[in-house]
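Residue numbering begins at 1 within each chain, and the chains themselves are lettered A, B, C and D in the order written.
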Amino acid sequence: MAVVKLEDVGKLYGGVRAVRDVNITVEDGEFMVLLGPSGCGKSTTLRMIAGLETISEGELTIDGRRMNEVPARDRDIAMVFQSYALYPHMSVRDNLGFGLKRRQKDRALVARRVAEVAEAIGLTPYLDRKPHALSGGQRQRVALGRAIVRDPKVFLFDEPLSNLDAALRVSTRAELVRLHRELGATMIYVTHDQVEAMTMGDRVCIMDHGEVAQIGTPMEVYLNPANTFVAAFLGNPPMNLMPATAAEGALRTGTGQAPIAGLSPGRRVTLGVRPEDLAVTDDPARALVSGRVTQVEALGAETLIHVATGDEKPVILRSGRAAQARLDETLHLAADPAALRLFDIETGRAISREM
Amino acid sequence: MARSDRARLSPAALRMTALLLLIALYTAYSAGPFVWVAMMSLRTTTEIAASPYGLPWPAHPEKFAAAWFDSNYDTYFANSVGIVLAAVAILTVVGAMAAHAFARYRFRFKGLIYFVIFSTIIFPPQVTVIGLFQTMVEFGLYNSRVGLVLVYVAIQLPITIYILEAFFARIPRDLFEAARIDGYGEWAIFWRISMPVALPAISTTVILNTILLWNEFLYAVVLITDDDKRTLPLGVLRFLGDQLEDVGMIATGLMIAIVPVVLIYVFFSERLIQGMTAGAVK
Amino acid sequence: MARSDRARLSPAALRMTALLLLIALYTAYSAGPFVWVAMMSLRTTTEIAASPYGLPWPAHPEKFAAAWFDSNYDTYFANSVGIVLAAVAILTVVGAMAAHAFARYRFRFKGLIYFVIFSTIIFPPQVTVIGLFQTMVEFGLYNSRVGLVLVYVAIQLPITIYILEAFFARIPRDLFEAARIDGYGEWAIFWRISMPVALPAISTTVILNTILLWNEFLYAVVLITDDDKRTLPLGVLRFLGDQLEDVGMIATGLMIAIVPVVLIYVFFSERLIQGMTAGAVK
Amino acid sequence: MAVVKLEDVGKLYGGVRAVRDVNITVEDGEFMVLLGPSGCGKSTTLRMIAGLETISEGELTIDGRRMNEVPARDRDIAMVFQSYALYPHMSVRDNLGFGLKRRQKDRALVARRVAEVAEAIGLTPYLDRKPHALSGGQRQRVALGRAIVRDPKVFLFDEPLSNLDAALRVSTRAELVRLHRELGATMIYVTHDQVEAMTMGDRVCIMDHGEVAQIGTPMEVYLNPANTFVAAFLGNPPMNLMPATAAEGALRTGTGQAPIAGLSPGRRVTLGVRPEDLAVTDDPARALVSGRVTQVEALGAETLIHVATGDEKPVILRSGRAAQARLDETLHLAADPAALRLFDIETGRAISREM
């Protein structure tokens, strides 16, 4: 197995820097998720690791060996593509064995290994079919099998679940987690779906505009976002962000306050609070924010209440199914001070709190 | 019942009938000359003179044997087969390689090179023939079958590349990348991924080139003079000159030249149309 | 600095240089005959006889005037322009309508009709000419410009439909449906949505057909006999016969026929390539 | 405005019934959502209402007038397509005015109306641009504007948000709700996204295999699904469904029971319970189900705990962020009997409970 290390890696497309200063170390056997919106450079980073894109700057090493100039076929990695990229003219059997045949001349060994993997992931009945005769889920499975067969040092996944329907996506997610546990292999997984990132990753690397915004375990990045981008990207709905001003022993929002000391009075910051950390209170004095209800979204399992506070965006409160709120009613919302997060209003960086 | 049905013939059915009639007419108009020549090929000139549009009865299949052996058709036929096969084989491989490169790789002057290849279509055949004649003589390829093969490759290459490139470009990039990660080099990817996946388009170009070159005579007239190097269309032309009065024999000669093409078309037309419409159907 | 750079010329740069050299050679090979004829067109036969590859100095542009007025080139030119314009206009409208219908509508026998239209390509021109000659004579269209226009439409229609259909099929169905909901009928949708959206492909077929028909002479030879109905390629042929010894004059005549095509190509080639590669680029 | 009524509507494709027996009445000014998985017939139904597909069976009326034979252009409907279907060769202004020009010959009136709508939805600065020069969100807005301009009787939407990114989707959702409130128009909206259906629809019509499975308000269909298909389709994760057997005064699952009477003893049913209605209990006697924890998914705001009970699928418990569970630990899960739903084990239909 393998440690994958990116040091100051960057990618230039005709003078434009698409990816810059990426430093990631994926430990041996780790499941690392690269998460971010489309165009954030996560796929480019993965493709640089795969050897499908040249590395413009910095160094990529696998197990300490420099890989920048090593062609894709000699990196001993396997990749599962978003489109699956099955060879349409080959049977499932040949799709599975194609990569192995290149390295292993003994056809009997190849056949045995293909049969073994096909059995393990339930493809045995389909070995003689062509890809077009398979369902979406089966194709995904062949793509996965093709990677497993080769027993590579590193598995790369490029949004492998995005072409599956919702139910299949959930079950395949669980299966990938199990697979990772069984193989103990190093895996790097690109997605824009935060649920996949939260549930599958040992660690998550969140990227924004070609740069790494934060690396950490799923709960670390969720609870303590390193900047406002991460705060606003994670969570559905994401963290409420609002401007606030420090006063003596308190932080004032436009319509309420929180007992947070330690900031120089008059300093303006961005205050963040997750929708599920807010609660309705009857006491206006305890309110972090107050405002008029503009929208009530009953989602079935939970209810989202949008409260207009005069800031640019409404504050959203996440509440249980039973929550009731009338449009235009005024609500006072309070939160445990420990659940509040502060960010610099200019740079967006998290401000560590000593209280 | 049947009567009332006919009485209530819907506008849609009427339109369909009109359409079918139109198709039948068009087919007759297109195929008519062919059928006429085919019938004449089995009749003697005397019979034809008596009744130009008569049925071929009694038939004279021995006319084919006569044309074949007495008029050198065996040689012409062999020449045609050899030259067309060689040209089509080279066209297919070279065209596919070029199409693969145009579709897959980014390289400098790609647009320019594409442009240069296509620019050859602007020159009228009259001009091209002058230049080709000159070139062929200088390289000692005039009046040689190899020379004709090269000329055929040159004139058909742009359209071959065009048809293949459109198809190759639609092969997803992921397939090639998967093969690269599976450990294969560019050469292996071309032969093991591009070619098999592009088979429908390749069949189309093979059939198209075979038919077009089989019928080609302009360049052959100019570049071939020896009788034993002539292709079938030249044989037919000579025939036209030699047997100017013998309409029946001319028809027989024409049929020998046409029948292989018709056979190819009958057997492969579905594949041809399929490849040509692959873009549309996706 | 510059020197050390040159010394360290990378393999990639070397390969690029080799490639450029190859392109230059190919261009010279393709364009050479054209340049040679162009130079000869400005020189007298005596000058050419003295030095076949000499530069056109002093130039004799008056040769063009001579060819134009003395050898009926004004008439040939006007005939060519008229016939080609009419044929291309009909081809474009009819071809686009057919392509629109093939791409948009599901109807019975669609595959069969497509097949029948394409089946015409299997007949060698020699056979087609026989049939056409017969047909033209019977309909009184032999030796008439209208007849030649119709023949040109017939021979170019399949490929025109093919190119346009591939493009029309890629126009999303939603566009037509949006227009239907916006209140437009099928006819309005064809003119206001299909045609403007397919403009790149339509330009391609217009340019392609113009060039091919401008250069066409096989059918014209057979179907036109009157001198005042001849097109340019026929004019050039007559010229070849009349002035067999006057190489310089033949070159001049050729240039008059070629220059319009070269101009069209120079001005519209980008659009042509763009339309042809639209499938690839998406 | 208009009432849209479908009576026994069906669609045959070459002998195959893609849609059957659809009966929907969309009231004047109502926002009706057609929801279902891909291939359930919702788009076909919408296209039959639009006049883009012929109606094979049954009758469609708008305001009481039979529409089956009326061509699309005379139905006075507007449609927003998933692909937006903007005319690529026309400017935004011409795109907006194209439909109006067909009906209104006075060009000045057309121009005024286009300007008015462009102003209302913020497209004024882009009126002279071509669609390819617009962002995805702006294109969506043009598609919307093109529908509004014509002031039609009925608005039809075919998954209009599916090409937008997540953030834009949320804001456009709110905007569509506002638009519906302002225009008061009858709207029919097709989607496969249950969040869109829950938040936007006055009523939701859930379709399955070409048939209507249930029609009701969002909370009705969420809380009281008419059959197991609806139960398993709504909710993320969906309702837990498990086999159970009636006994004297109780319903037994494999590993626990619920105090539900009224069923003939021995009858086998499917028992449904929403993940958020389950809670961990220490008392095995009170447990509805018990089992081993197989997966813990910490999603940030909430945690999903998968418990293997021996049935085909694990039971999922939805819990707050703080919930902790160790893998392989045994948990007992209880639920309020009022939250339990019963379905016929054969037909999947809901069994009404008299207790």
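The criterion applied here is as follows: contacts are C-beta pairs under 8 Å (C-beta built on N, C-alpha and C of every residue); 3 or more make two chains touch, one makes a residue touch a chain.
Everything numeric in this text was worked out from a predicted model, so none of it was measured.
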Smallest count of steps, each to a touching chain, taking chain A to chain C: 2
Rounded Å distance, chain A centre to chain B centre (Cα mean): 56
For chain A paired with chain D, centre-to-centre distance based on mean C-alpha positions, whole Å: 27
Approximate Å spacing (C-alpha centroids) for the pair chain B, chain C: 20
Overlap residues in chain D, where contacts from two or more other chains coincide: none
Chain-level touch network, classified as line, ring, star, complete or other: ring
Complex interface listing, chain C residues touching chain B: 16, 19-20, 23, 26-27, 29-30, 32-34, 36-37, 102-103, 108-109, 111-116, 118-128, 130-132, 134-135, 162, 165-166, 169-170, 208, 211, 214-215, 217-218, 233, 236, 254, 257-258, 261-262, 264-265, 269, 272-273, 276-277, 279-281
Residues of chain C that touch chain D when the two form their complex: 172, 174-175, 177-185, 193, 196-197, 199
Chain D to chain C touching residues, read off their complex: 50-52, 71-73, 77-79, 81-85, 87-89, 98-99, 102-103, 146, 150
Contact set on chain A toward chain D in their complex: 37-38, 165-166, 170, 174, 177, 194-195, 198-199, 218-219, 222-223, 234-237, 274-276, 295, 297-302, 318, 320-321
